[in-house]
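Dumping the structure here so I can ask a few things about it.
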Amino acid sequence: MFKNEEMEINLGPQHPSTHGVLRVKLRLDGETITHCKPIIGYLHRGVEKICENQTFFQGQVWTDRMDYCSAVANNLGWAEANEKLFGITVPRRAQYIRTMLNEFNRLASHLIWLATHALDIGAMTVFLYAFREREDILDLNEAFCGSRLTTTAFRIGGLREDLPPGFEKMARKFLAKFETCLEEYENLLSENRIWKKRTIGVAKLSAEDAIALGVTGPVLRAAGVPYDIRKAFPYAAYAEMDFEVPTQTAADTYARYLVRMAEMRQSARIVQQCLDGMPEGPVMAKIPKILKPEVNEVYHATEAPKGEIGYYLVGEKGSTNPYRFHVRAPGFINLQCLPKMAEGALIADIVAAIGTLDIVLGEIDR
Amino acid sequence: MTDPIVPQPEAAPEAPKGPYVYDYAASPQRQVVMPKTVPLPSRRTYLAEVKAAAEADEAKWQKMLADFETAKTKAEAEGKDAPKPPVRPVPRKDDNDMKTPWPEEAKDADLLLLQACLGAKVEEVFEQAGELTCQVSKDTILEVLLLCRDHADLRYEMLADQTATHYPAATGWDYSVVYHLTSISRRKRLRLRILVPEGFIPDSACAAYPSANWMEREIYDMLGITFANHPDMTRILCPDDWEGHALRKDYPVVGWGQRDIAFREDRGGMIERIALQKAGQLGINLKQPKAE
Amino acid sequence: MPTPTLSQSLAITLIQCVLVVLFVFVVVPLTVFAERKVLGYLQQRLGSTRVAGGHKGVTGWMNRGMWKWGRIPVLSYWRGIPGLLADVLKLILKEDVIPAKADKFVFFIAPALSMVSAVVVFAAISFVPGTFFIFPSWFPGLAGLPVSGGIADINVGLLWILGVASVGVYGIVLAGWASNSKYPLLGGLRSAAQMVSYEVPLAISLLVPVVLSGSLNFSEMAREMAIGLSAWGLVPQLLGFLIYLTCGFAETNRLPFDMPEAENELVAGFHTEYSGMKFGFFYLAEYINMTVVSALAAGFFLGGPWLLPFGLQGLFNHLLPAGSWLAGPHAIFFVAKIIFLLFTYIWVRGTIPRYRYDQVMTVAWKYLIPMALFNLLLAALVRCAV
């Protein structure tokens, strides 16, 4: 008499909580997800092909537009991959400034994550609190390179310009108040019963699964694997910095929340150290105006806020363009684990799972 | 039952058969410049190049010496002053902070271990820019990946990245597929590389590393290499009915119908010509009647 | 006092209805406005300020006058009020889209059901016990006649309120079903389960005032709870009040229980396919329901039209001189309490996240119902003992 039927439903590509144009094909049994398949590509612009037809210098603007929430981290990876390709040594002051801006950018990216993730779960006020602090970081970006979101902050071989006057004061002012702001967010969320109910035990991903699926970044660290490229393969000035890699073992959404909050504290610490120990000197290495590589291929990975962002470059002898340019986008790889997190959970949990992965479709589709 | 209010889709108008306007392939923007070289880093080719360069240098020097000798004897015969003896040219030294990384001999224990374990299956090992590269035979890639994952002294747990490159100028093969492995416990990276010809179907890495799933789909989407035993070998970024593979070197940068005309300056009256031509195909006469 | 004829009493009832509807339609837009502003201030922003009137006319005078009130940025509190008018205008003028595959009759009737059931509840709510005002002698036809504080202060008022309010569930369920779309269907199903579940603890928690006052009449109960209790009503009632308020949040689909329209999961839940004034009806119904829940809470648990809640008024009245203004019931106290509770709704919305669907059900069946039953038992014991 009665018949059970599964309902197929499309979460996205236009949906309030898919953070862009992600489409997830769900099959639902009541409210339980029995099958989940992410479908991507709605924002595919062919960044790799475009960069292969532009010079090494021009490619950087495209990295801004991949993960637009953490443009500086993308710029850093790009610049360092090129420097590895050409064998350029970057001055120490430029390394420090890069490190500092990268950490500011990590703060901004994590703040966006916190804001949208909390909004997805229904905590509306955190969204605006987090954006308030992010605004200050964007002001710092603007002071440094004139642009707030798509920064194009660095150049191959160093920086275009030194820090502007007054930057240090702005940065210190921000750091002085940032700790209290973090406490404000934690007061709203960390011990909130509903927040805990919605996040503890939700979207679990064990360490074995995470490593097998190539997941990196805070999602991996929340599973108890202390893999941070800043520590494992130090780049820029991270070898000289004193910081910790926060980990959790619960491997659920709440653990990822704790890891990211702790990471923000560590980032603030690194920025403080950069400001205190800023060396003097030039900010640009001596390099020719036109760069032509020898035959070479490099893969350079850096720790973006979302995970490992890797640039694979193949240089052709005598050509000003990269022969092959490939980005290992952290979101692209991390999103693979969404079915593992969501299947068997409720429809409200997939929203938490998408939020906790911290995806940006610009870098997934490239 | 059809609802009368629901507008029923009309039958799609029959698409006019091409060539619509003019031969797109003849468009200067769509012409593809194919690469002439094979920029595949390799110690063997590097050594050969260095050797050839040294030989060419030596030959040039010998020729300069010979020229000098002949000039000297000629000058002596004619009773003029002897010409200056030649100076061997030294390569120009650039004053910059660049130090080009060349392929170096493999000294790392991992590479040596791989060479020892796999023997003839390893085609080449070298280090460049601090990165380890191991090129293996294309049939054995899955075996090598499993070895890298499971060997007690290697322990490469994670496949960080997998991608491919198109080398149309190469002979005997067309694509290189590279696997970037990361060992989290040992803090090491390793690059595995295979060279595959067009039409060859390498084994999928999914059996060893599940993370290869989407990366191989992307390679298939972008370069058209299919992988054997892959769970879902479909396009991932482009739509399913997309034609061609975008990251091949023979794929034009300009799309169909885009930027074929510089709209700002229609000097040759191209827009008008196209419009007239298209209207003619549809059976409309747009040409203004000439005044009698 | 003259006895009114049938036509006179009909006219008086009509006037009462107009007054109540006016009250509702004044309070609801102001709640919407307050929601924007209060949320804005909770979140360190200004709320709606764009539509602020010009430099001429009434709004211009208001704007200019406001600037001069010292250093307090009073202006930003009032800016945006004309936006309410614009919102209503937009809702009325907007194209009313009906999906092609929708069940048109049910799709049409659902918002009306929601709206009507929300408004009709006010029939049994009396703002002031007894006479509200007496028509002056110059009034044609109705001179000297009294107007009571509620439209129909019937002796089964609570039954009427609960019965009619639960019809509102049908509006939401039918809206979700009739849209013939997947997200509204999920929203409708959620609301069916959720609202039926929360009816139970809500009704049980309202039984406590019934037990304590021994009546079902609204004004009778409000009086008993405010000044009739011989002991402090606070002790047994605090739990009941909290349970009632929680269930009220769930019944009106407000955060943290806004499952049927959880925008981050179900786009807009049951009203995804609605637009124009049909959507406006759901929107209005939600806010009217909030007002109803607040009115019941104010009447039963916060002392209704009397100044002090929880039976404190009864203790306090001995100390006041007879005939004091503070001792008697006043509609203004009642409305003030409603407004405070409406503020609580907004306050909660700005503070806490949303429950998951299964957790909502857990809260209802595992915690609220046992607690409400225990509370009822406690109240019955207190009643017997006293």
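A, B and C label the chains in the order they appear, each numbered from 1.
Going forward, contacts are C-beta pairs under 8 Å (C-beta built on N, C-alpha and C of every residue); 3 or more make two chains touch, one makes a residue touch a chain.
What you are looking at is a predicted structure, and each value in this text was computed from that prediction instead of being measured.
K.L.:
Could you say which chain's mean Cα position falls nearest to the mean Cα position of the entire protein shown?
P.N.:
A
K.L.:
With chain centres defined as mean CA positions, report which chain is farthest from chain C.
P.N.:
Result for max centroid distance from chain C is chain B.
K.L.:
Looking at chain pairs A-B and A-C, which one is connected by more C-beta pairs in contact?
P.N.:
A-B
K.L.:
Measuring from the mean C-alpha position of chain B to the mean C-alpha position of chain C, what distance in angstrom results?
P.N.:
About 68 Å separates the centre of chain B from that of chain C.
K.L.:
Need the CA-centroid distance for the pair chain A / chain B, whole Å please.
P.N.:
For chain A versus chain B, the centre distance works out to 28 Å.
K.L.:
What is the distance in Å between the mean C-alpha positions of chain A and chain C?
P.N.:
Computed from C-alpha means, the inter-chain centre distance equals 45 Å.
K.L.:
Touching residues of chain C toward chain A in the complex: what are they?
P.N.:
39, 42-45, 182-183, 186, 190, 255-256, 258, 262-267, 349-359
K.L.:
Taking the touch rule as given, give the residues of chain B at its contact with chain A in the complex, in rising order.
P.N.:
On the chain B side, the touching residues are 35, 37, 39-41, 45-46, 94-102, 128-131, 133, 157-161, 163, 165-166, 178, 180, 182, 184, 187, 189, 191, 209-211, 213-215, 218, 222, 235-239, 246-247, 251, 253.
K.L.:
Can you name the residues of chain A that touch chain C in the complex?
P.N.:
Against chain C, the touching part of chain A is residues 7, 9, 15-17, 28, 31, 118-125, 127-129, 132, 188-189, 192, 194-195, 197-198, 346-349, 351.
K.L.:
Flag every residue of chain A that touches chain B in the complex, lowest number first.
P.N.:
Residue list for chain A touching chain B: 40-41, 44, 46, 48-49, 52-53, 84-89, 157, 211-216, 225, 227, 232-233, 285-288, 293-299, 301, 308, 310, 312, 314-317, 319, 323-324, 326, 328, 332-333, 335-336, 365-366.
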